[in-house]
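A short worksheet on the structure shown next.
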Amino acid sequence: MLEPIHVSLASLNITTLAPMLIAIVGALVILGIDLVKEGLHKSFYVMVSLLFLLLDLGSVIDFGNIFLKNGPILGMFDMMLIDGLAILGQIIIVVGSMLFIPLALTSKRFHEYNYPEYFSLFLFMIAGFQFMVATDNLILIFVGLETASLALYALIALHNRSKSFEAAVKYFTMGALAAGFFAFGSMIFYAITGSIEINQIASVLAADHYANIGYVLVAVSFLLAAFGFKLSMVPFHTWTPDVYEGSSAALAGYMSIVPKIAGFIVAMRLFEFLVHSGVVWLQVVLYIAVVITMTASNIWAMVQTDVKRMLAYSSISHAGFVMAAILIGTTQSNTALFLYWALFSFTNLGAFTMLWVSRQKNLLPGQSSDHPYEKFAGLVKTMPMAAIMMALFMLSLAGIPPFGLFWGKIYIIASAVTGGYTVLALIMALNSAIAAYYYLKLIVFMFMKEPVTGYEKYYFTNASLSLKTIIGIAAIGTIFAVFAVNPLLKVITLFVYNSGY
Amino acid sequence: MEITLAHYLVLSGVLFAIGLIGVMRRKNLLMLFFATEILLNATNIGFAAISHYYNDLTGQMFAFFIIAIAASEVAVGLGLLIVWYKRTGKIDLDIMTSMRG
Amino acid sequence: MEIYLYIALFAPLVGSLFAALFGATPKTMLTGIVASGLLFLSLVSSAILLNYVMMGHTVHVEMMTWIATGDLYIPYGFVVDQVSVVMMMVVTIVSTVVHVYSIGYMDHDKGFNRFFSYLSAFVFSMMVLVMSDNFAGLFIGWEGVGLCSWLLIGFWYHKESATWAANEAFIMNRIADLAMLIGIFIIYWNIGSLQYDVVFAEIANLPMPIITWIGIFLFIGAMGKSAQFPLHTWLADAMEGPTPVSALIHAATMVTAGVYLVVRANPVYDLIPDVGLFIASLGAFVAIFAASMALVNRDMKRIIAYSTLSQLGYMFVAAGLGAYWVALFHLMAHAFFKALLFLGAGNVMHAMHNELDPFKMGGLRKVMKGTFIMMTLASVALAGIYPFAGFFSKDLILEAAFVENHYIIYAVLLFTAGLTAFYSFRLVALIFHGEERYKLFGIHPHEAYKFMLVAMAPLLILAIIAGSFKLSYFELVTNLLPAVEYHIHHPMTYWMITIGTQLFVILAVLLAYKKYASWSSVPDGTSKLENCFCYKLLSNQYYIPKLYEELFSKPYRELSRIAWKQIDLKIVDATVDGIANLIYQTGEKTHTMQNGNLSSMLRWMVIGLVVLLVLAVAFTVGYNAVTMRAM
Amino acid sequence: MQEHILSILIFFPALAAMLGFIVHKDSARAYGITVAAIEFFLSLWLWNLYDPMTSGMQFMEKAPLVAAFGINYLVGIDGISLFIIILSTFFTMIGIASLTETRRVKDLIITLLFLEMTMVGVFAALDAIVFYVFWELSLIPMLYIIGAWGGPLRIYASIKFFLYTFTGSLVMLVGMLFMAYFYYQATGQWSFSILEWYRLILPENFQLWLFAAFFVGFAIKVPMFPFHTWLPYAHGQAPTIGSVILAAILLKMGTYAFVRFSLPLFPDAAVFFMFPIAILAIIMIVYTAMVAYAQEDIKQVVAYSSVSHMGVIILGTFALNVEGISGSVFLMIAHGVVSGALFLLVGVIYDRRHTKLMSEFGGLASVMPRYATIFGIMMMASVGMPLTINFVGEFLSLLGFYKQSHAFTLVAGTAIIVGAIYMLSAYKKMFFGNVTKDENKNLKDVNRTELLALVPLVIITIWLGVYPKPVLEPISNSVESIVQLMHDKAQTKEAQARIPDLANQGAMNSQQETH
């Protein structure tokens, strides 16, 4: 029989759970309040969620300080690992969520925001993502991943349009398959090394000099497929455009940011040690995957007729771009990843919010999707400020200086240069040129074409003060990013470097 | 014949392959969900066997978690399926193509 | 003295700008008078400078910097020395006359003011050309006269032929100018300066090939301005301009700029006698070549233009043979009588309502006595009959050729002298003698204004007496130019040659009179002569303009079209668009993989996994194979 | 204020543009003229403050932007950039003053003011990233100007313009990052300061690659053959003001960048690539001149003529000696003035007839004499008549390159022939002959507003042609220091031979100065 386990509470270091617990408690509180009093206004839930997220953020930052003093913190049988990556990841997750959750405060009514469950699911999802990034235990990663994903499927479906259900079902099914890949991959690693903790796997593999290289590669193949799905690498990306189109613009924007950063951090933990251990196969495969993902999705984005789908493909391309940082695997590139994503989240927040504020209830005759380019034709004549804002976000996405993403872009390309990936750097640069085409296309529609009648009544109908504020924040973040880059770089480098990446 | 770890793993692999084929071939949403369950359970067999082989509980723990997650997946999946069925009266995959390109 | 230099130089500019002020307004007599007055002022200043220079001084000023960078230093420097002062005198005399004359000639023209503006601007450019103390300054004037020539040839811009001729002249000159620029570049990079004094002092230290190249390129430049073969076609076409322009620019001054350049650069050409010989040979060729074309031409002005061309050939012979002072002397004499001839032709044109075909004139001496006398005397001078100016200068050239033992050149020139006399008097005879064929066309000719004739008088006098300046001229210019005297040592030979020449020339004159003085009908292209090959060859200018059209203009036009339509649009641009389209089409073709069907999406995932697994297995197999072999 | 004059010059128009949103649309044009005039006088004041005897950078300002990555806001000017900046502010002023556009003038003015900021910024930037920022940023206003106020193909033209130049500059960006990385390897610090890069001596093979990367960006911008095909479309479709700014200023960014980056950073590579580039330049000169000759649209003639003249600028730049580079920098300004004026002139006739086909005109000289005169002067300047501004530049550029290759210069020199061919024939088609079209019989001559824009250009054309010293001298001084730098950095034998050593020519210089 097994010996009873004696564990002292102190050694559990249960506080490492604090950020996630805050989110979970928040979710439960919202459910509890609903039991007590029904029919509260959505603004109440938004604010409660925001408050809990603030607390969450506070505790993460607290860990940040501890980390800088003492180094990585372990807890819960060493399952929790609070290192620099975890902290940075959580900050981006929580801040990103805080920026997106006020998008519920639309002026139009959407039924999903009347359910308190929406907000509690949202918080559960955040807790899931936080778990994903704050561990190197494959079980916990799996649990976090699934918690978040299941909540996300439900959130998408809550948008209550037939496309949303279709999107949710597609996402769900493919997610289930990806979960299978992940589990199977983990199983193979477990079989080879007898461990499911990434750092132990790494040390075991290193100890026997990758004797079972074949099995390792098979395992990596499965994990790559699983994370390829999560990070929407070609050809595992097929869900992305459909899901983005099906879900509300707010949620689509959210999906383009937060789940991805969680995925990136796990990918970093999983793949970088392999890249560094000289698994040439992985380098080659990642190289190919990165290039194909960037290029193919750019090319597909060019031919889209719907802005939201275009942005979906564009975010695939951006993900591919950032994936290059993992391939390069230097401190600089990992720093660049976080910098890029932080800047990207501001810009994408703005872009998707702009779509969100002009959401239509009913499609016009002949209109096949929510946000066709024609909808924005001649916007500068009807709403110049809106057009300028949208153009600003597009230019930033295209990497035109001095707007936000440009700085992330040059830092990643610079890391490719310093990492010795010259050709990759060139491919990345040239891809920006292809990408510029479809971002420009929207600008062309907005600034150089005559308005198409029928759409004008939808512009900004969904806008409320808080949405405008969010757009303003995003715009300021995008324009003045250059002043934020230096402090961001310093902090990120500190965290990344001290985590050993 | 003694049943070794290898047999379990082969079984696990075969089951996984069956699951994959099911995922690719099935047009009925419900059957599709079954196929994904097969995938996960194939993994479970593998974990249990390896766990026994190493005499280490971690694998079994992983299997437990997978079971739990599979269960919640089914819950969410069936929920979606029911709503979809209510809306369209069908659970056929091929009608689910309103978004493309 | 500097003040006179500046007056001589800038008075025409002031005149030009003054006239330009009234450029768009209707005719004001004032512009003509002011411009002419200022030119006269320039003439006076030049005369004062001439006097000064004759006393053995030179004037050299540096007004200000033009271009200075690196080691290059080009000032606006002007020099009045023995050579340039001669040119200044020629230019100012002829142009003053032409200005005054033009007041009458352009009397009825709408562009009266504009004309004076251009004309004075031309004089200014010409003065810059002759007075500059460096090659770059010369080039300013060089291009300036080209520009004014373009403006003036195309003065009647509504005429297609005029504007065409203007462009032709400009572009052909540009070809030569390029060579001139290259010559300047060679000078700069080998000597480090473009100042005449520095260049001529250092030139002898350069290696021979470089001097040769300098000489060749500068001469090509001169060929363009002086319309030497093969860049000669523009000069005849340039006759589309108003006649005073032809007199001033295309006879007296601008076209002699090439000769001036060779004379000015004599230290260079002295070192390269082979190039000099080439120049002389080309000159001789052009002399006879142009004269032959003048024989049959039926356009009064073109005949005179060919004669100009021919005389330029003479000048180049002299310059090429090292007889620079002779070349300059002929230049001067030629300027006077040729300008006179042109102005006379202008009078005739006026009288004949712009009719140019001498066969349609005849018997004009009765109504145009003054013009008749002047043109006849000018032709005598041109023919080189004693004691007119042409005799002295032309004879010297012949002597030079003879003395230098270039007998072929000598023979050619001698023969050309006969031709010259023939076509000159053919023209005079056709215009002024014989039947009054103009009556057939209902024209009532009248003599030109008195003051125009008076204005021409100085030229007439100079055409007659210029030869008598020979000695003082020789003394003057040989301060600067090599003082080679060409004396045929044997007096007997000398007299035989001189008298022989005179006889030959007079014979040609008589022949011309005999054949044309009693001409009675207007040829209509049916006569036997007009249909013989030689005649056609000559009247079509040896088919050279046609050849140029076929060989250069048309292919260039065609090539340009091909460059645009075929290369630029269909290759270069199409490649760029092709790449863009390729990318776009790839997107169009492949984005259907996103067919929205969940099954196929799942299949893509599995395919992705399978590909990864296959790669993994392949790599492992390969890896193991490699490691096995290593063991 | 003097220490910050460059920042003021850069950001004043941008600030004014922001405030311009508030200005009522009827007053927008007056506002634009006012702002542009203030900016222009500021730039004149800058010239006044500039010390022409100093060859180095002046009015330097530095502020950290991304200190961790070595990116600083670093601006400063020398003789090379000073005059291009003045040209930019001048043309913005002239352009706005002569604006005849009636559609959405306010938007146009604001866009132009933003464009002005980017132009001044590019030429003042001494930090590669700051340079790149302004470089890219300048595309956007131009994109908008072409795309929103252009002709029927405007969208195609504007996107082509944008994407083509953008693609090129991305390659250049990679080059810049490499350069910074080399600097990092050499010194352990990141830096994008051009001045610090100047101190770096790179191995030749790196130079070649980096040169090529920068070249792609610059060559497309210039535009060099065969990357030039965006230009005819851009010019053909752009409104007058767009063409004017594009031709006068934006194209100069490419050639300026060659002088600022390619030459001093990669002297060995510059020598290595001298002849290939010279061949391209010659193709530009001759081939494009031929294409210009074949055009039917007067604006396209001017557009292609721009490419042809840019060829001479490139040639002068790669002469790699003081004469050539000074000449090419001077020619940048000259070409800016002349081609800007020519585009303005084309705009004048387009406003009246709404066509640019030469076959629609003919005999304009009698209907519009003043117009014909000004056009004629500018045409002659474009053809390179001495005593006009263009001649000085072309003469020096060709003179400079003659030192490097005689045959090439001879071929390139045909510029003065082929240039005359297309220009004169175009002039003949438009202005000479009889007035054949009834529409042309009552055309109004240039009016006062147009004269206001054109006359200053004529004056500059002649003034700087007659007396280029005030501009040429500072340029020459700064160029000398660049050439010396190149010589000092040159490693290959060939480069050392081709790039003159000015320091050891002191004897010769002093001899010249005694004049």
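Each chain gets a letter, A, B, C and D, in the order it is written, and its residues are counted from 1.
Here is the rule we use: a residue touches a chain if its C-beta (ideal position, glycine included) is under 8 Å from a C-beta of that chain, and two chains touch if they have at least 3 such contacts.
Since this is a predicted model, take the numbers as computed values, not measurements.
> Pick the chain whose C-alpha centre of mass, unweighted, sits closest to the average of all protein C-alpha coordinates shown.
Of all chains shown, the one whose C-alpha centroid lies nearest the global centroid is D.
> Between C-D and A-D, name the chain pair that shares the greater number of C-beta pairs in contact.
C-D
> Between chain C and chain D, what is the gap in Å from one C-alpha centre to the other?
From the centre of chain C to the centre of chain D is 35 Å.
> What whole-number Å value describes the gap between the mean CA coordinates of chain A and chain D?
44
> How many angstrom between the C-alpha centroids of chain C and chain B?
95
> Could you work out how far the Cα centre of chain B sits from that of chain D, in whole Å?
For chain B versus chain D, the centre distance works out to 66 Å.
> Would you mind listing the residues of chain D that make contact with two or more other chains?
Within chain D, residues 163 contact more than one other chain.
> List, in ascending order, every residue of chain A touching at least 2 other chains.
169-170, 173, 177, 241-242, 303-304
> Residues of chain C touching 2+ other chains?
Only 591, 594, 596, 598, 602, 606, 609 qualify.
> Would you mind giving me the full set of chain pairs in touch?
So, checking each combination of chains, I get A-B, A-C, A-D, B-C, C-D as the touching pairs.
> Show which residues of chain B lie in contact with chain C when the two form their complex.
20, 23-27, 32, 93-94, 96-101
> Residue numbers of chain A touching chain D in their complex, please.
It comes out as residues 380, 384, 395, 400-402, 406-407, 410-411, 413-414, 417-418, 422, 425-426, 429-430, 432-433, 436-437, 440, 443-444, 447-449, 482-483, 485-486, 489-490, 493.
> Where on chain A is chain C touching in the complex?
169-170, 173-174, 177-178, 181, 213-214, 217-218, 220-222, 224-225, 228-229, 235-236, 238-239, 241-242, 280-281, 285, 296, 299-304, 434
> Taking the touch rule as given, give the residues of chain A at its contact with chain B in the complex, in rising order.
These residues of chain A touch chain B: 138-139, 142-143, 146, 150, 153-154, 157, 162-163, 165-170, 172-173, 176-177, 179-180, 183-184, 186-187, 190-191, 194-196, 241-242, 245-246, 303-305, 309, 369.
> Where on chain C is chain B touching in the complex?
Result: residues 591-592, 594-599, 602-603, 606, 609 of chain C touch chain B.
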